[in-house]
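Here come two complexes built around chain A, the first alongside chain B, the second alongside chain C.
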Partner chain A sequence: MNRTKREINYGMFILPALIFYVLFCVSPFATMFYYSVTDYSVMKQTNLSFVGLRNYVDIPENDLLLSGIKNSLVYALLMTIFQSVLGILLAVALDKKLKTKNILRSIYFLPAVFSPLIIGFLWNYLMSTSDFGLINQGLTSIGLSKINFLGDSDLALYSVIFTQLWQWTGWAMVIFLANLQSISKDYYEAAEIDGATGAQKFWRITLPLLQPSVNVVTVTAMIGGLKVFDIIMSLTNGGPGNATETIMTAFIKTTFSQGFYGYGAAFGVVFFVAVMLLTMILMQFLRKWGEKIA
Partner chain B sequence: MSSRSIQRKAEGRTWILETILILLAVLFIIPIYYLVVTTFKSPDEATLHPMALPFHFTISNYTEAWKAMNYPRVFMNTAIITVASVTGIILFSAMAAYSLARRTHVVNRAIFYFFLAGMMVPFQMGLVSLFKLVNSLGIMNTLLAVICVNIGGGCIVAIFLFKSFISSSVPIELEEAAYIDGCSEQRTFWLIAFPLLMPVTATVAIITTLNVWNDFLNPLLFLQSRENNVILLEVYRNIGQFSVDWTSLFPMLLLGVAPLMTFYLIMQRYVIKGVAAGALKG
Partner chain C sequence: MKRFKVLGIMFLVLGLLTTACGKSNNGNTGSASPIASPSASESATPAEKVKLRLAYWNKESSVQTLLDLIKQKLPNIEIEYQFIENSQFDNIVGTQLAAGSGPDIISVGPQAAAKYSQLGYLADLSSFADRFNDAGKSVYSADGKLVALPGISWFEGIFYNKEIFAKYGLKPPTTFEEELQLHEILKKNGVKPQAMGAKSYEPMMKSSMGLIMNEFLSKPENKDFDVKYGKGETTLEGSWNAGLEQWSELIKRGYLTKDMLGIDYDQALDEFATGKAAMWESGPWALDAIKQKNPNIQVDMFPFHGSTAGPGWLIGGPGVGFAANAKSEYQDAIMQVLDLISTPEGQKAFWQDNQGGSSYLKGAEFEMPAEYNGVKETFKAGNVYAPWNNWGGSVSAVIQDYGKALQELLGGKSDVSSVLKATDKQTERIVKMNQ
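Up next, the complex of A and B:
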């Protein structure tokens, strides 16, 4: 009797978090699967009819959604790779005995505390082709011609990625650096006695032992990259054309501006499956790498 | 080569590396420097001398932005949302994680994985039904709506962090002694276990504060009236992308990032530590 009461007491501890999680995350997400097979829209909010897979079949014919998927994939992939590579390089450099180490670390991390929305507005001015655009002013002053960073549809997505690397590389660096500081110096001393070069030490000791932080940074960057939203809203609003539309911006536009709820929900399901697949592939890849090291 | 000259060569290389890193840091900080100095300039001055310090400090830009944004109001709204969400996330997650760490039977393990799976799920995609739910609960266009959604989503990572901390670093012996003395589970948790969670609580507080304060999507969806606006919404609604008097918008951007920038400048060691710990300990 006493024991049951005890278990119930323990169970009660879980309830508040579980209620909020189920009510505000899981259940809305679960209903999305139902909406995705109905004709739910701003015009038809009651008496929903079952339309089978029609919403899904229509997705490949929608340029907005297709561009969103393509751009998000490119964005997530490039962000994952460059954030990790640049973050590791910075972290390894800052792990040396430097006098200005702490202040440098603080400066590189600084952009990560800002809201991506405001960062987007700021870079909109910095990358502008108007007279006041700082970067183009710099380019013309050394005799180069202006570059239309955000207006050129071949360039715009990469400009967005550039601003986000500026913002998040310091974040990745901080995580790599914390990981590096936990690596025992004994390994390096032993390697030095054996006459290992700097490059050998990096590939054979540093990189393998960075595995925990590489896992965290790549998975976070990938999932975050697929969900990117704020920076697009303030930097390009998806343009020019659909050149920087992402899954989230396309989803919000389809759902709220155009009012196709069922259609948006089908797109949501596709996105969910894509995130799961990509994360699983990435984790499999990381596990293989981990086994190879061990 | 003597060991001393090797050392000297290594020092020389470190010196070059440090110079490169400092130059890179200067480049890194230019956008933020530009943001700050431009707030005091007229459009002409900012176009002609973008990188110079302002010739005369006019704060009229600031007073206008302050008024246009209704800054005290939106600051308070953002602060209320952040404090309430972070408090809720910490209390509820610590409680749940405690139970999940101390009772590892099948049901609890399943519940833990149920939370954990949420890390991969893009819950934002459910926002049509979330919108309806918020409406039917009668909390549409209230700060409470944003707070509730934040708590639901914020618990996921927090429970993960709390649980691994409790399992690895909180000794169970104290709790067993309390149990033998007839202390209830409630009292045991709040009086004995919770105070020991300080390090991980600080970590969770820092990462959720950054997330909640900078969140734009939830306020955009659930707050429609101006008196319930948060800082970011006010910036978003005020900024037209093409304006003749474009420098007058810069104080708004700075006022938008100023609170967290101040927080970071004062607490930078803890913020960096918290972010690293939140990512690696788990």
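Up next, the complex of A and C:
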């Protein structure tokens, strides 16, 4: 009896959070599943009809969405890899006994403080091909030709990724640093006595023991990469052509600009499943890596 | 025990808040259709003020003179101005209308007007139709009825720097070939002929359509082309190829260059305003910014031209239409306001905050600023048109795809035929989904 009462008491504590979670997360999500099998659109907002899987079948016909999927995968993959690798290298470097380490850590972390919209505006001017573009001004002043960072469809996505690595590598570095500082120095001293080189210490001690933070950084980078939106809108708006359209920009344009809500909801469901699967694969890989270390 | 009392109070407050929200929502629904508000119910007596809600995507300052005139001429009507940001305007107003609680006077674009009319949200304004000319009425008519009053027009042509033109002895062109020639002269003299913010899909979309209006759409046999295109009964491929090939000479001859894909609207404006480029395609809304950056600049505008000399065409159309919510219980008051807008006095008040455009009201003519002397003949000929205004609903996706395909053409990744086919594919998809 006491146990039941205690369960109820604790249950009461989590009830407000549960209500908000159901209202603002579970409920809209379930509604999206429902809308994805209806003909809900800006032209038909009441008396919705069941259309089966029609909205899902139509997804591959939309070039915008297909470009968005392709670009998002490239973006997420490159961001995950480079953010982790560069973050680890920076963290290891700034974990050394440097006089300037605190200043350098602050400098590397600083871009993460700004909104992606501000970063977008800043890099838009820096990378512009107009006479006001700082980088291209520099290139032409030393006799090199201009680089069309954001206007060349073969380059634009990678230019966006570069700006985001510039912004978020410092954040990853902080996570890795926190993990690094928890690694006991005893391991390194023991390795030194055994005559291990710097590289051996990194591969055999540092990297395996960084596994928890690698999990955090890679999973957040992968999910964040797949749903990237704001930096694209502020830097390229998906262009030139569809060269930098991502899943989210394509989703917003299809759903809200064109007014096909049911179709957009179907794409949202597919996106959810895709993110879930990719995250599960990544988690599985990380788990196996963790087991191997253990 | 005390803790549970606190918890109990928290739930009570939460419950009250929820109830309050519910009540507030009911109130909102009522106030959105003003008759349901307390003041509205009292408005049955003529002496009481009627409160009408007017929603618009531009700031209140853009209609301030008109609002002042309404206040002065119609003292029994109070306008509650609701600014809704442009990118969310259709979503918010569309949802409000679906819920039966839309604004009393609705600002609409041509596509929204057609859509809302089809859904039965808009009142018939045909009683005002005789006062407006056909160019304005055609884009705001549905099923033979006028569904919104055409407001002051917007237009885009090509601004040019008069000093640079004078320096090289150039005159505004009268044909597209002359336009190409003056690009060449400027280029040879080391002057960037034209600034273009091609990072946006819009400028090339409009520039190319400017030529196509001269070469194809203005021909009598193509009068219904746009309407048919919007219904999926014809295609751009096979119709626009010659015009677009001709326009693409701007790319082939190196006047529009790949680096323009990395330049946005503001940067292109900077290039033109600071004299780094001799021409720039835009409209009256940019003039203030140009003059702020360079108060001494001398500019004029010329229209888009085709193969033969003539008044040319400007891209444009009625900027905003004012429609009446069919479900509002204040129809009389709404009609009084719309009646006032449909007078030369009302149009002048609206024009006052939107100078540069022209009125579609018969007999309402306003002095155009000197910066548009070069397009006076085009206006006289009534050659202001935006093809997509007649392409039906969800048109933004189509013109975006067309503009984006042109970006690929400029980037060397596509050709004229592919541009048109890509646009047709999007139109076909949208027509199919709308069915």
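By definition in this document, the second predicted complex is superposed on the first by the 287 of 294 C-alpha atoms of A that agree within 3 Å, B and C clash if a C-alpha of one lies under 4 Å from a C-alpha of the other, contacts with A are read in each partner's own complex, and residues count from 1 in each chain.
Operating definition for what follows: a residue touches a chain if its C-beta (ideal position, glycine included) is under 8 Å from a C-beta of that chain, and two chains touch if they have at least 3 such contacts.
As the structure is a computational prediction, the values presented were derived from the model and not from experiment.
> Looking at A:L139, would you say it contacts chain B, chain C, both, or neither? Reply first, second, both or neither.
neither
> A:G241 in the overlay: touching chain B, chain C, both, or neither? Say first, second, both or neither.
In the superposition, A:G241 touches chain C alone.
> After lining up the shared chain so the two structures overlap, which partner does A:Q258 touch, if you call chain B first and chain C second: first, second, both or neither?
second
> Counting residues of chain A touched by each partner, does chain B or chain C come out ahead?
B
> With both complexes overlaid on chain A, does A:P16 touch chain B (first), chain C (second), both or neither?
A:P16 sits against chain B and chain C alike.
> Could you say whether A:V42 touches chain B, chain C, both of them, or neither, answering first, second, both or neither?
second
> For A:D63, is the partner it touches chain B (first), chain C (second), both, or none of the two (neither)?
second
> With the two complexes superposed on chain A, say which partner A:N124 touches: chain B (first), chain C (second), both, or neither.
both
> Could you look at A:L209 and tell me whether it touches chain B, chain C, both or neither (first, second, both, neither)?
Touch partners of A:L209: none, neither chain B nor chain C.
> Once the two structures are superposed, pull the chain A residues common to the chain B and chain C interfaces.
After superposing on chain A, chain A residues 9, 13, 16, 124-125, 131-132 contact both chain B and chain C.
> In the complex of these two chains, what residues of chain A are touching chain C?
9, 12-13, 16, 19, 41-43, 45-46, 58, 61-64, 124-125, 127-133, 146, 148-153, 236-242, 253-254, 256-260, 263
> Going by the contact rule at the top, pick out the chain A residues touching chain B in the complex.
6-7, 9-11, 13-14, 16-18, 20-21, 23-32, 35, 40, 93-94, 96-100, 104-118, 121-126, 131-132, 134, 137, 166, 170-171, 174-175, 177-179, 212-213, 216-217, 220, 223, 226-227, 229-230, 233-234, 248, 251, 255, 261, 264-265, 267-269, 271-272, 275-276, 279
> Given the complex with chain A, which residues does chain C contribute to the contact?
Residues 4, 7, 10-11, 14, 90-91, 94-95, 98, 115, 118-119, 198-201, 258-264, 267-268, 270-271, 276, 393-394, 396-397, 400-401, 404-405, 407-408, 410-411, 413-414, 422, 425-426, 429-430, 433-434.
> Using the touch definition from the top, list the residues of chain B that touch chain A in their complex.
Residue list for chain B touching chain A: 14, 17-18, 21-22, 25, 28-32, 34-35, 43, 46-47, 50-51, 88, 91-93, 95-96, 98-100, 102-103, 108, 111, 115, 118-130, 133, 148-149, 151-153, 155-156, 159, 184-186, 189, 210, 213-214, 216-217, 232, 235-236, 239, 241, 246, 249, 253, 256-257, 260-261, 263-264, 268, 271-273, 275-277, 279-280.
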